[in-house]
Amino acid sequence: MSKSNKTSKAAVKPLMAKSAKAQSALRPIKGGKPAPAKPAPKPVAPTLKAASAKPAPAPADDSPIIALNLPAAKLNPAMAAYFKKCQDKLGFVPNVLVAYAFDNAKLEAFVAMYNDLMLGDSGLSKLEREMIAVAVSSQNRCYYCLTAHGAAVRQYSGNPLLGEHMVMNYRVARLNRRQRAMLDFAVKLTASPWSVEEADRERLRRAGFTDRDIWDISAVAGFFNMSNRVAAATDMRPNTVYNGQAR
Amino acid sequence: MSKSNKTSKAAVKPLMAKSAKAQSALRPIKGGKPAPAKPAPKPVAPTLKAASAKPAPAPADDSPIIALNLPAAKLNPAMAAYFKKCQDKLGFVPNVLVAYAFDNAKLEAFVAMYNDLMLGDSGLSKLEREMIAVAVSSQNRCYYCLTAHGAAVRQYSGNPLLGEHMVMNYRVARLNRRQRAMLDFAVKLTASPWSVEEADRERLRRAGFTDRDIWDISAVAGFFNMSNRVAAATDMRPNTVYNGQAR
Amino acid sequence: MSKSNKTSKAAVKPLMAKSAKAQSALRPIKGGKPAPAKPAPKPVAPTLKAASAKPAPAPADDSPIIALNLPAAKLNPAMAAYFKKCQDKLGFVPNVLVAYAFDNAKLEAFVAMYNDLMLGDSGLSKLEREMIAVAVSSQNRCYYCLTAHGAAVRQYSGNPLLGEHMVMNYRVARLNRRQRAMLDFAVKLTASPWSVEEADRERLRRAGFTDRDIWDISAVAGFFNMSNRVAAATDMRPNTVYNGQAR
Amino acid sequence: MSKSNKTSKAAVKPLMAKSAKAQSALRPIKGGKPAPAKPAPKPVAPTLKAASAKPAPAPADDSPIIALNLPAAKLNPAMAAYFKKCQDKLGFVPNVLVAYAFDNAKLEAFVAMYNDLMLGDSGLSKLEREMIAVAVSSQNRCYYCLTAHGAAVRQYSGNPLLGEHMVMNYRVARLNRRQRAMLDFAVKLTASPWSVEEADRERLRRAGFTDRDIWDISAVAGFFNMSNRVAAATDMRPNTVYNGQAR
Amino acid sequence: MSKSNKTSKAAVKPLMAKSAKAQSALRPIKGGKPAPAKPAPKPVAPTLKAASAKPAPAPADDSPIIALNLPAAKLNPAMAAYFKKCQDKLGFVPNVLVAYAFDNAKLEAFVAMYNDLMLGDSGLSKLEREMIAVAVSSQNRCYYCLTAHGAAVRQYSGNPLLGEHMVMNYRVARLNRRQRAMLDFAVKLTASPWSVEEADRERLRRAGFTDRDIWDISAVAGFFNMSNRVAAATDMRPNTVYNGQAR
Amino acid sequence: MSKSNKTSKAAVKPLMAKSAKAQSALRPIKGGKPAPAKPAPKPVAPTLKAASAKPAPAPADDSPIIALNLPAAKLNPAMAAYFKKCQDKLGFVPNVLVAYAFDNAKLEAFVAMYNDLMLGDSGLSKLEREMIAVAVSSQNRCYYCLTAHGAAVRQYSGNPLLGEHMVMNYRVARLNRRQRAMLDFAVKLTASPWSVEEADRERLRRAGFTDRDIWDISAVAGFFNMSNRVAAATDMRPNTVYNGQAR
């Protein structure tokens, strides 16, 4: 059986195996045991993509993954193990990881920050963090993040339309006061960071958020303002598999 | 040795290796003598600041450091050592580190990414990376980053006016074509990330940048779009000592 | 038979002639079986929705269809017939029609203009007109039109990702020069109509468009600038069935 | 007689019924004598203009009417009659009608929607609808609509300065609370439709508007967001006669 | 006689020397007969207005002239003479002068700068300077300046429509390359002064402007960016007489 | 002695009367000894600059002072005396004066307005006027004015950080309610003058400002909106000496 056949199966399997809850866009293996150190496959983008089973006349939407020519580095053992877990659990390695894989230090720093922010302890639920991710990415019109994290909102919430609301205009979602205040803050912080002041923080406190929560809202919004720009600058393309998830 | 030990070493190493000239905003030793090696104090904000020696009637501009009430965590050994090195070499711990010090994981992730981006290997000089930092922060009108990284531009360049140019309007600096193209890209990516396309990357290539350089420009610009927003959201205040540096 | 009778028929005819593939947002039958020919129900919104089969604890996303309390008028015979055809062919009446159904004159004027623009003769393909609809609606962040016409782009093109490109950021789509020029014009006309000049029209001509095509691009872009605002002003909600179509 | 026959008549009827005062931009008869009933000329732009009596060295401001080369169609009987009425009553055919006259279906759809919105029954006075038209067109800086509908505001109100206020900056007009709320809504809907929410509708209700009125405000604002863009895209020029009306 | 005496005379002189055609917004005599030489009234706003002859139920559009309560100062002899000349030649004192008349020093400084810029020697014709004034004021949507200087454009050019073009959207005017470049520069300088660079100056030079001309374009554009804001901040109202001039 | 003689003296007098602390950007003597009274040189830019003592390989940041080639005029006696006083008291002539020195009338008008606004009687302190100058110039990103007037804020306030706050983002300064309201008004007037209305003036009144104060806030904000644009249009460069002042 060819590699790409396997990939393609893998792309489907995790969806079936995964619980309804444990899915972020990077689909966050948390805590878990590192995979045993077996030789990691060379992280070449095409072999990791789900949609490459049959020869197609047109290249897949995510081929190449980015518009920069950056030869893949040899993954260090930690990152090789991480990629393997993605492959095992999700059936694919998210393209953003493949994009960073030209340099182990950059990849590790990105993964560490991402996992802490999106999967670590927080007063915000994982869904709420993904909602921030998508509302921010909508403000910045980031194709990669809207696609990958829009899928995560659909999955975490079990509500496909909520994902669409976040992508299109978060104001149309029928949110409770807490979540609306959270997104208003995140989007204002994205659009005009210079104008955020104590009154904005007070609004969050009145909506029930602690100071630690305010940090987390800010940090997640900040992180996606970074990622949106790295993605835009490099024309980063999301794995095509996201599109069909949890519709 | 654990994974996180390794990471943390990597994060700290560049600091030790750098010459008196190679200083980023997180480590702006100027010519000067390191502070005498006294036992690192408990990382409570006030005790870490250089300018707090004598009791002042009005609170210092950076007191409190942020507008959120986040009790300091006990630093883990790696981060405690890192703070001590800052204190020894710079005479102070940059406030952004103190701000993140309520949580070791967040602090470590921030330090790792920062040090890789701003001090790691790159086709961009450290000065160029600081120029991007300030031009982006000017677009976002970020008090913390303009202050800390404006000082870094003054120090690295030995040209106090260049720091002011980056703070006020990078277009007034008399830059070579390479640096102008670099900043145009970074600022466009900041202001309207959705509009960055292949033509923009091509402009960088024609100005002499490699694809790896383009990644680095994008990653630094992205990083400060994150940091600007964390700083804005929390009213983060720069150490007052920056203001007088390298004028 | 009078001229105006003919007009009214013409407005409806395209619906009947269209193949299963040639579907606009107002008539998105996909493969499926027409609903059985039962007597057309009184055009009250809930009874017309496809997705309202089982009682749900929470109201559907499109209930109510708009945030204004406008009692449904008695449809005149032409409009009643038109609604019945929608129901028969699509299995539902698009919510925008239900929204306008408080007044026959307004409904008829809307339908006549819509059908002429989106289904009438043109040098632009129906897909191209839907692409303009979605790119314009993305600029205006219109939930209703992005949903309904995003589905139409997916259906007409057979390319689910093209629909997402139009919704998220049309610049990421790999378009030919003609279609890119078309969307650049439509989005500029949306964002800053005062700045459109002869040079913009010349760019379209150089991309192969005739003057009549330029009219059609402008008229479709104009129409959705109208519809986006009526939808935004009334919180118009798309039929939930669109979300799953042609993914 | 069928309903649709009636519709088509209805589109024309208001023109005939209106008094010398009740004039919209599409029918600005000013006191004056109708042109003598001569056979309606073929709808070629120049022959329809009022101001083209004597040969001028420079072309008139509205020659050509649009920057697209679209040969005039043969008007169908309904539209020919409508043009003749314009000529008889106003002394000219508004250029927007001449612009649409390359295609009877488009012309009829435009006329039907225009007449329903601007002349049909509504809780908004005709003056109020024209005020919305001009305030929206000012936001979009549309030469055609500012000229034609600015004249209508002057005529309906008998207050030349009110027309100028709407053209230049509606905020300087000394309006009652109702009209100010109406224009604030229309202009917000024009500038940032995505941000219009229930609070905006509530503000209108508190200012005395019914839900049907809110629809009408939205529909008129929407319509001119369309027309402004068709005019901008085609460089549509207003009949020069408007400029002198009701100063 | 001292230099400053001369300056003060110079500020007034152009008014006296100008022919019936050479009129700026501050002195728009149209063909007409000067008002009979009656003793100049005390410069209280109402008595200076041309249109206040008969008692009206509603206050005039320019009553009060500004929304600040600033008691008129006693004009010094130079300014009293200047007001008298305005009254004699124009039949009214422009409201902006009345607005500044609470303080002789401010009034004199304004008059001196205005007269030098708009009436002094320049490579720009007086019409061109007025065109800049109106195009800038349109960008800033300034009711006072659009009204007063729109009238000046109509008068200087003898082309009422040119005034409307400048007010509504200068891009619709059919200008020669020189004048179009001039207005493009002035409007860019108004909208985003930080982005004006050598390439913009070069564009003016290529259109035939000298460096001195570039100064004048900039100074006039700058002056109206000041005046627009003083007018907006104080709700300054133009003399109602402007509206009917040179239509 | 005539009134205008007095005016002209008044323009110069404040300079002579001011203490070492009361310095505006046009006269920033810092503690230091006035330059020895040598004969005032011909006002050619290079000879007037403080920092040009030794031949430098690279041209100074302010050489040339502007990007337009405008030969210096022979200063008239009043202006020559004024330049001499600047040289004596400040040790340099501010570059903006040198820039205007190609034409005595323009120079005098500028000086008269500047001195009245920034040094004349007002309910606003000189520091407050300089704060407005810098906050406005920050909105417009004007290198010249941020540098020269940022130095003035540092000097007048004795608080170097206040100068940085005004340059970078006035919202981070810990101001009393009065000063915050003042800057909010000035910056709104700068960014969107069309939107300033009675509610904005009322906010100033509630913060303790008189109507005359409101005029002064508006006039200073207006003046720097002019100066920012003249500086931007000409690439005006501040004297390099400002940079080191009052840090």
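Letters A, B, C, D, E and F mark the chains in the order given here, with residues in each chain numbered from 1 onward.
Quick note on the criterion: a contact is a pair of C-beta atoms (placed from the backbone, for glycine too) under 8 Å apart; a residue touches a chain by one contact, two chains touch by 3 or more.
Since this is a predicted model, take the numbers as computed values, not measurements.
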Any chain in contact with chain B as well as chain E: C, F
Same or different contact residues where chain D meets its copy chain C, judged by the half mark: same
Chain A and chain D, separation of their C-alpha mean positions in angstrom: 49
Gap in Å, rounded to a whole number, between the CA centres of chain F and chain B: 32
Approximate Å spacing (C-alpha centroids) for the pair chain B, chain D: 57
Numbers and ranges of chain E residues touching at least 2 other chains: 141-142, 169, 194, 197, 235
All pairs of touching chains, each written as two labels joined by a dash: A-B, A-C, A-D, A-F, B-C, B-E, B-F, C-D, C-E, D-E, D-F, E-F
Interfacial residue positions of chain B with respect to chain A in the complex: 3, 7, 10, 67-70, 102, 105-106, 108-110, 112-113, 116, 120, 140-142, 185, 189-190, 193-194, 196-198, 201, 211-212, 214-215, 217-219, 221-223, 225-230, 232-235
In the complex, chain B residues that touch chain C: 194-195, 197
Residues on chain E engaged by chain D in the complex (per definition of touch): 61, 138, 141-143, 146-147, 160-161, 164-165, 167-169, 172, 235, 237, 240, 243-244, 247
Residue numbers on chain A that touch chain D, as the complex places them: 169, 171
